[in-house]
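Each of the next two complexes has subunit A plus one other chain: subunit B in the first, subunit C in the second.
Take a look at the complex of A and B:
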């Protein structure tokens, strides 16, 4: 964290005298700090990399088996232990898990965001909610699911609560940021007309928020879909992640893994198309 | 109608941005405040509806001191004070008629505000007001698609929807082209003459003030330096109003 007084210290006068080139920026302390940090990190990386490779490591053999596995997964995908319908059902479960948690998260986060916007809420409340949400966000979704599985037991319940929990914290921040970006003028104008707070939020804040609300919620849906897959494997929440875990770590059947990866990729492509359409609709 | 007595205001506690400002605004008249940038014109206007809380003084609006009102009373008083802004301050994604209807929400419940519940009488009035400012065919257009002059006319219709006794205009024409300027100023003048509304306008353009004002108040450095009928606004008086910031503002005055 850079202290405010150490931030950009621009010279007040343009340096005079003969110069070969005209600089676009002055060399300020912040830029020098960033450059030094990068240099130190590069040095550490260079000396650590050789020591990381163990003595029995054979690069050639490792590369060979890597390409072999990739080939099995992506060029020879087929099913032996399970059926395509089962996997489709499992994919559906993961999608529904992502949908449910996003829906719950976006509704709850909307109200938290209103209470953590500086223009609408008292400062102690804003700071309280923002720091609580920052703490929740700092812990990864999968960990939250594992924490909740202590209460609910491993399975779908813990997954729903855990993913929702992290979604609320994430969406609260992005919604509140979008609200803070709004021009204060429209809120002030409404106050000047003697409108009540609820009316101001509905008539002056929400109209500007609709498009960013949808796009952020959709991004979170994509994140939640990825998390739902991870959680299915890690916390036994079912869905395509659980199937993926069984095939890859239990049966070592990389042909099946390939099928599932293609299914997930196909759905990700569908999401991408939907988000494109959504953008062109909300931007109108 | 509106009387301001001994209004003083400082933002940082030391430097006064207003010192002892007193003037009054009569019903059915256009009163224009002129003066150099930073003289305190906006502060005066915003103090009247208490968007800026002043430090000292008295703001009598219909014999009630705006400074003494509690939150609920202030909200009620504000619902009958129209305000027009340089940057229009419409809710751009909403349609013109929705923006005009916001003007009547001040006297309605939060429930009506949240669910946008308006009765037919209110909708008819909104359409009539849009007609009055010549925008009836734009009623269902999103405001972000309107031109600057059109937006300002929507802003005026919104203010009228409040059934205001006074309309405060903060640099209403500063972002407009000459043709829109005349349209907007004609409408504002009409409101005073025909509807008996007091119109208080902050202006930069002295020639516009001369043409449209009944009464002119000159502000310089947080003080009233001119307060008289428009006829008395001689060239010498204008030079006096803009005197102290001669370097910055002198050229502006000569241009206009």
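Take a look at the complex of A and C:
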């Protein structure tokens, strides 16, 4: 190689002004966000944990009695105050409650979702419905049931209406989010063809929504089943939750609680198998 | 008649028939379920009664202002307990998920054991958790914390496991081919990649737990749920309304913060 005598070199301009050396990784927004969030969470946890343990508290004794109760619950389940058939009936009632509220909720929420999707509805309506639903969602289901049990009296009516409220608010949000994923092109094309809104909904929105509609509705059914049990216990609305509450906080009979927990687990297993099947069907 | 037209008519008739069949079945199921429960459909038309009652009675009045101090204190406490339970459960769940995920596990039986364990924790109703814990740990914040912790551990283990399995095996194999050890694969390859997904699960669970903390408090006699029950059952509706209002405020704030973090992460 022959090298030239005078190498040509272009002087690079040194930037003027303050030179801050920030390592690249600190400029990554995601990294900072994750780090800061974890830091805040860890800080809150660390300051909360010591204050939670009350004074004069014997952790060892509590743990001993806890494992003892768990053992009684899972290893020696048997019934004394009620019969198995009564409990089966109560479980059936909780399942019916979950079914009915999911059905009502999914039908009502579908129409609310149509009115609150950005693809079809005007923006003020979308914002209005979505904030109303956010407020309804923010109130726990039990509080809704308690409020309605004063108006309607204790019983099925209050439980159904209370759980339906929360279901509608939840399902409206997830259905509307699913509808928003539909690309605007297809709707614009149909509008350009002069089709009416009803036709657009029937031919474009519904076929697109069907699969996510079913999976979200099923998820809500599982949540409603758990809520039905909780509501039965906390608001006295009947079903297996009420039985659970009676035997655990009135009779202190953990053998009975064990039977009920096994029954609930059996139904949860059935639901899990169904959801597994549904997922493998939709994935095909 | 045009055979084509006949075919089209046949197609639409079949479609209409199927739609009406589904509607009839759903209607019958609705009627059967309401009969079984003793639910009267016309009470759906009386929903506005509830709202009207709510507006009449639950508006916080002058007398309920005195409760504000206690309510805000308990609200803050409930929030802290919910966050602490979620964070602790997340740490445990991450550990279990890494051991148990099908793509990383040493033996497939370990994976099934952890899967079964998380399913068990998740499906035992929170009422049962609260009651068993109340019996041993008595009426204090620790009971609520543990009830939330067990439920969340079940949920997050399952969610984290699925996130890790979605990550796939190619990148893990590639890292192993360069001679990385097990810990290096997890800390340098896996965790940075799935951190965003894990974070959004944690935020979702915090939101959920703030709401569930009210229920747990109602059952175990601690926090915001307990004072709501107290005011509600002693007919101090103004104060109870203030509690509902403050719960709405807390949940909406947590939701907004988590949306903000979600937007920063995407």
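What we mean here is this: the second predicted complex is superposed on the first by the 237 of 284 C-alpha atoms of A that agree within 3 Å, B and C clash if a C-alpha of one lies under 4 Å from a C-alpha of the other, contacts with A are read in each partner's own complex, and residues count from 1 in each chain.
Operating definition for what follows: contacts are C-beta pairs under 8 Å (C-beta built on N, C-alpha and C of every residue); 3 or more make two chains touch, one makes a residue touch a chain.
No experiment lies behind these values; they were computed from the predicted model shown.
By the touch criterion defined above, A:73 reaches subunit C but does not reach subunit B.
Using the contact criterion defined above for the overlaid structures, shared-chain residue A:48 touches subunit C, although it does not reach subunit B. Residue contacts after overlaying the shared chain place A:186 against subunit B, while subunit C stays out of touching range. Residue contacts after overlaying the shared chain place A:214 against neither subunit B nor subunit C. In the superposed pair of complexes, A:198 makes contact with subunit B only, with no contact to subunit C.
For subunit A, the partner that touches more of its residues is C, with subunit B and subunit C as the two candidates.
Counting contacts by the rule stated earlier, no residue of subunit A appears in both its interface with subunit B and its interface with subunit C. Every residue of subunit C that touches subunit A in the complex is listed here, in rising order: 26, 29-30, 33-34, 36-40, 43-44, 46-47, 49-50, 53-54, 58, 80-81, 83-84, 86-88, 119-120, 122-128, 131-138, 140-142, 145, 195-196, 199, 202-203, 211-212, 214-215, 218-219, 225, 228, 232, 244, 247-248, 251-252, 255, 261, 264-265. Residue ranges of subunit B in contact with subunit A, taken from their complex: 49, 51, 74-81, 83, 85, 87, 89-94, 102-103, 105-106, 108, 110, 113-116, 158, 162.
Listed in rising order, the residues of subunit A touching subunit B in the complex are 185-186, 188-199, 201-204, 207-208, 210. Residue ranges on subunit A touching subunit C, taken from their complex, read 29-30, 33-34, 37, 41-42, 44-45, 48-49, 52-54, 57, 62-63, 65-66, 69-70, 73, 92-93, 96-97, 99-100, 103-104, 134-135, 137-143, 146-148, 150-152, 155-157, 160-161, 226, 229-230, 233-234, 241, 244-245, 248-249, 252, 254, 257, 260-261, 264-265, 268-269, 272.
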